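Chains here go by letter, A, B, C and D, matching the order in which they are written, and residues are numbered from 1 within each.
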Amino acid sequence: MKAARLHRYDPKMEGPEFLKLEDVPEPRITEPDHVIVRIGGAGLCRTDLHIIEGIWRTKVNVELPYILGHENAGWVEEVGPGVTEFKKGDAVIVHPLMTDGTCPACRKGNDMHCENSLFPGINTDGGFAEYLLTKSRSLIKLPQGIHPHEIAPHADAGLTAYHAAKKAARHLEPGDYAVLIGFGGLGHIGFQVLRSLSPARIIVVDRSPLALELAEELGAEHRVKAGEKAVQEVLALTGGRGAEAVLDFVGEGGSIEMGLAMTKNAGSYYVIGYGGTVEVPAIDLIFSEKNIIGNLVGTYTDLMELMTLAGEGKVHLSTTTYPLEEINQAIADLHQGKVKGRAVLIP
Amino acid sequence: MKAARLHRYDPKMEGPEFLKLEDVPEPRITEPDHVIVRIGGAGLCRTDLHIIEGIWRTKVNVELPYILGHENAGWVEEVGPGVTEFKKGDAVIVHPLMTDGTCPACRKGNDMHCENSLFPGINTDGGFAEYLLTKSRSLIKLPQGIHPHEIAPHADAGLTAYHAAKKAARHLEPGDYAVLIGFGGLGHIGFQVLRSLSPARIIVVDRSPLALELAEELGAEHRVKAGEKAVQEVLALTGGRGAEAVLDFVGEGGSIEMGLAMTKNAGSYYVIGYGGTVEVPAIDLIFSEKNIIGNLVGTYTDLMELMTLAGEGKVHLSTTTYPLEEINQAIADLHQGKVKGRAVLIP
Amino acid sequence: MKAARLHRYDPKMEGPEFLKLEDVPEPRITEPDHVIVRIGGAGLCRTDLHIIEGIWRTKVNVELPYILGHENAGWVEEVGPGVTEFKKGDAVIVHPLMTDGTCPACRKGNDMHCENSLFPGINTDGGFAEYLLTKSRSLIKLPQGIHPHEIAPHADAGLTAYHAAKKAARHLEPGDYAVLIGFGGLGHIGFQVLRSLSPARIIVVDRSPLALELAEELGAEHRVKAGEKAVQEVLALTGGRGAEAVLDFVGEGGSIEMGLAMTKNAGSYYVIGYGGTVEVPAIDLIFSEKNIIGNLVGTYTDLMELMTLAGEGKVHLSTTTYPLEEINQAIADLHQGKVKGRAVLIP
Amino acid sequence: MKAARLHRYDPKMEGPEFLKLEDVPEPRITEPDHVIVRIGGAGLCRTDLHIIEGIWRTKVNVELPYILGHENAGWVEEVGPGVTEFKKGDAVIVHPLMTDGTCPACRKGNDMHCENSLFPGINTDGGFAEYLLTKSRSLIKLPQGIHPHEIAPHADAGLTAYHAAKKAARHLEPGDYAVLIGFGGLGHIGFQVLRSLSPARIIVVDRSPLALELAEELGAEHRVKAGEKAVQEVLALTGGRGAEAVLDFVGEGGSIEMGLAMTKNAGSYYVIGYGGTVEVPAIDLIFSEKNIIGNLVGTYTDLMELMTLAGEGKVHLSTTTYPLEEINQAIADLHQGKVKGRAVLIP
């Protein structure tokens, strides 16, 4: 089958061939619960750029070449002998992890902390290809009328935003404030999720006037331009107290300091974007009793719930599609900030 | 009355007169809910040293001279016209904050985040004196048979340890691990509280062989000497995963890095001691989904619960008493690490 | 001042004079935290009918005659010497309980379980009068532009609905179902609150076609006519499983059996309306692991949050006003089911 | 193999042959995740009596004859081709349900509400036999040094008590009271669990002086004889307020009314034993805001945690063993109240 594989790291992102389009053998079912999914759409994520740059090289154990692509949706093509819930042709989104379902984390519903998991597109072959191998445990049927390429990025970008927003929503009451830093691919989903799950007043912070315009279109009442006065403006909006929850979808370039400064005493700052470093004197955490909350991708149940919201029309995703053949163009575009919404590859 | 007041900061702790013993006017009741407490014991805390050094100078707004002492217990001496719950002679411990009871934080039971509070001994006159002015809202009657000087340090040291341990206990199930770093004044209380509130397996980490011996005496099954191999030993004890909760009562000198490294993925690291700086790349918080939890002193309800445990004999406090006249000796002793347990001043 | 007092119980509601309009002395401030409120509107509640009928006679300790009216809003007229947060002329809604702020329940934020409370209009003089005595602790300033008579019923009817809906919302995730039985005074508020606080799919059940129409106008997607087939219809809507939460605002005439039958295994049935009896074999509670949740009026914080939602335009209240002089007409109308929305008396 | 099967219901428990000991074919592995367990001990439960009486006839769909026995422990005998976590000879306890691991309930960790489960001994062949068919998902390895017949009753009796006690423990703080009604097979485990998981003050209520003696031996400080004055005594012990949690392991013969009367306002009454009927006017639930909480058997994670406590020596189980051949004697003994502790059959 056709697939886009990473053969060498490219620390400076010089390209032009980041991934190599080539013919590779199709994946095969070797376990009773395996499923082959025919890819309908595979989202391109900033994490793919970081993998190509080699940043993840020491974090995960994987041998080159392999197929990237961890935001996958499509149709069931073939199922293992133990699979009864899915049949050929079912339209599905693929939870990004292949989990065992029996470790303590899975038993408690925290399957993204599964002790025996694989992460296709990160540490094994992913979905920038015609077919993907996964497990039946990872599949969710799509709501009626939704096409795989329309929602593929929910498999990781959406799921991560959902997971963090749901955590925050648990502590947000009427009259509370939530700040979202970064209104891009994850941020615009986080906004819609938070609006669905909580009554909080939401303040969107972004550097880009275009992003703030999009925020306005989606109904964000309070919008603040990132910059020197942003903290001051958020404090003014919140009666001088700051926000009960600050969700930082940027995580670098000053957003961490800004986010912590916008957090109310006894409130929580959620780290979602990355690149920078959290640095704060212990005494300040004690005086303020603030919490710093790490966020991974979400659980299978999180993805079910996100697909429910998507099916109900409460969460819209903005995408731009590319044929799989143009994967290197898509990567270049994303690297240069030219993609509107999330890029989705279609084989 | 006799009182020990701070007249000048002493950044190098040269002494010998850190506080000046002098005669000052007794406090007077000016509000209906005011209460004058005759001090039976006032705990000396490391925070008092930091105040004398001037470290808190920029954090709180207070004019010199003033009376230190924020861990107070004694007997009700006089009550304001609106006070009906207490009468002269009642033995009481004093919650360290004077709160308003009507701000949003107080209404929700988070009174240590009261928006209109005073903190005697920190930003107004405290308890290194014969009498202390506080509010009836701050008082808790002592369990039968407990003398004020025996439990005065619970008003801040114990309360802080209780507050953090209770937060952690909410997430600890049978088979989970909790690491306590630092088995001193706060740590040994935190240990006893955690054992009362949770079924977790507790691992005590300390540099000092004496502290580890005390831990053993109090029944701590797992004890690890702080140092190069401590992280490795904790990982070995926890099946390579780390602990669901790490309570750091030290907060400096490498304990923060050590504590975070001992924390299990999806677990929480509680900052209680201070002095150092939390510094962690955002990507690491994301990969591990760890939480960093700030901790302030506890609520009135926390102190009620701690006194209940103390009254039931579940939490013992180790103290050394000094007459108030020897306050400067006590301070010197604490500074030089010569106090066994918590120092308590008796006027 | 003018006031409507209950002089005798009227078990059969024969009237015509249920309450006697008469001149009584104005209330006077006797405690530092007392406040006199000039009534702008006082809601009439079905509980007032039950009091007149004598149903509450054995439940509360009160001597006749006294002034009814427990849903009060107005303007501050006079404040006690200890009150600093409010001044004459402030527009306020009155939390229905006068609480002490210092009992264990108040300390934890559960002030409606205050151990030393009064309930004006139930066990002491209420608001069917020109002036009401309460405490500053019970007052909340109205959002800009809202007139007391527009929101007086929120003080009890709205607050009760809010309290129950908020409890339910804590357990409701995307894709979950909530059933509301009874779309009257409390139910239509409960619906709007639940929609603000949770992503659940809401099913409204009512006997009355008019109520179901109102539900449709307010945006309720799923509406079921109470009756023989109601349980079957709800099961059909919920994939045969029932609803995670069933809020019963009726509590009599078959609604309890119906509500329990509509509740999913491991779900909760919330008792809000009353009159009937919960009767269920223990074995059925065990097989199904259902919960039966009692609901009282809400806390001060609940009322703050409800007023926030009201101020944000998320919760609308439908009312009909009567001059205080027509109190007996209003009572007769309510008794005969002729009041549209909630009746509010204006002195 | 040898097995004890139910051939006919015996509503009056006349016996003497309740179950028929006979030779039946051994179970066979037909799915990849199947496991055959060689039974080391199978607990006899009051529910077995109820099944024989025919009480469960209409509740579950099962054809006679079949093998009873739902509290099973033993050694792995044979594993299906997909099983990697267990091997022949492993000592295991068997979670009573065979679950699918993929329904919404399993995904959230509530596997005892699995939508596609079997309950061996209840609706398919159980463990009063030499071998039992189950799934690898249902197995937990025993702590070192514990023999299957010593802990088999934990698989259902212990698990049920654990599940309810853990729910209650979440809401119990220092100074709170918990009442346990019934100190028999489940109650004595519930007591030990509650003591491990919570700091509450526990009051044991039982009719039997022997049971109260056992409670004293196990360290129960407060013991009350069930009867006319029991409610009064519990109220006296709790300052007139009642207990925050009442766990009713009896569920009939007046225990329900007694339990509800012992429950504090805003507290919870947990239904665990069955036979009687919960009957309470809605108005009383509203005044008191009490909760009535149904309780099923526990989750796999609950059983893991209980086995952890058992392995740590925190929960002891009192048992009497019978050879499988004497099953009818064991049943007769249990029916006549002659078994000390829990009866365990050994094949």
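Throughout what follows, a residue touches a chain if its C-beta (ideal position, glycine included) is under 8 Å from a C-beta of that chain, and two chains touch if they have at least 3 such contacts.
Keep in mind that this is a model prediction, so the values were computed, not measured.
Think of each touching pair as a link: the shortest run of links from chain A to chain D has 1 of them. The chain pair B-D and the chain pair A-B differ in C-beta contact count, and the higher one is A-B. Mean C-alpha position of chain B lies 43 Å from that of chain D. With centres taken as mean Cα positions, chain B sits 41 Å from chain A.
Within chain A, contacts with two or more other chains are made by residues 304.
Across the complex, chain C is touched by residues 173-175, 196-199, 304-306, 308-309, 312, 314 of chain A. If you check the complex, the residues on chain A that touch chain B are 59, 105, 110, 112-113, 251-252, 256, 265-266, 271-283, 285-296. The residues of chain A lying in touch with chain D in their complex are 31-33, 81-82, 85, 101-102, 104, 107-109, 111, 136-137, 299-301, 304.
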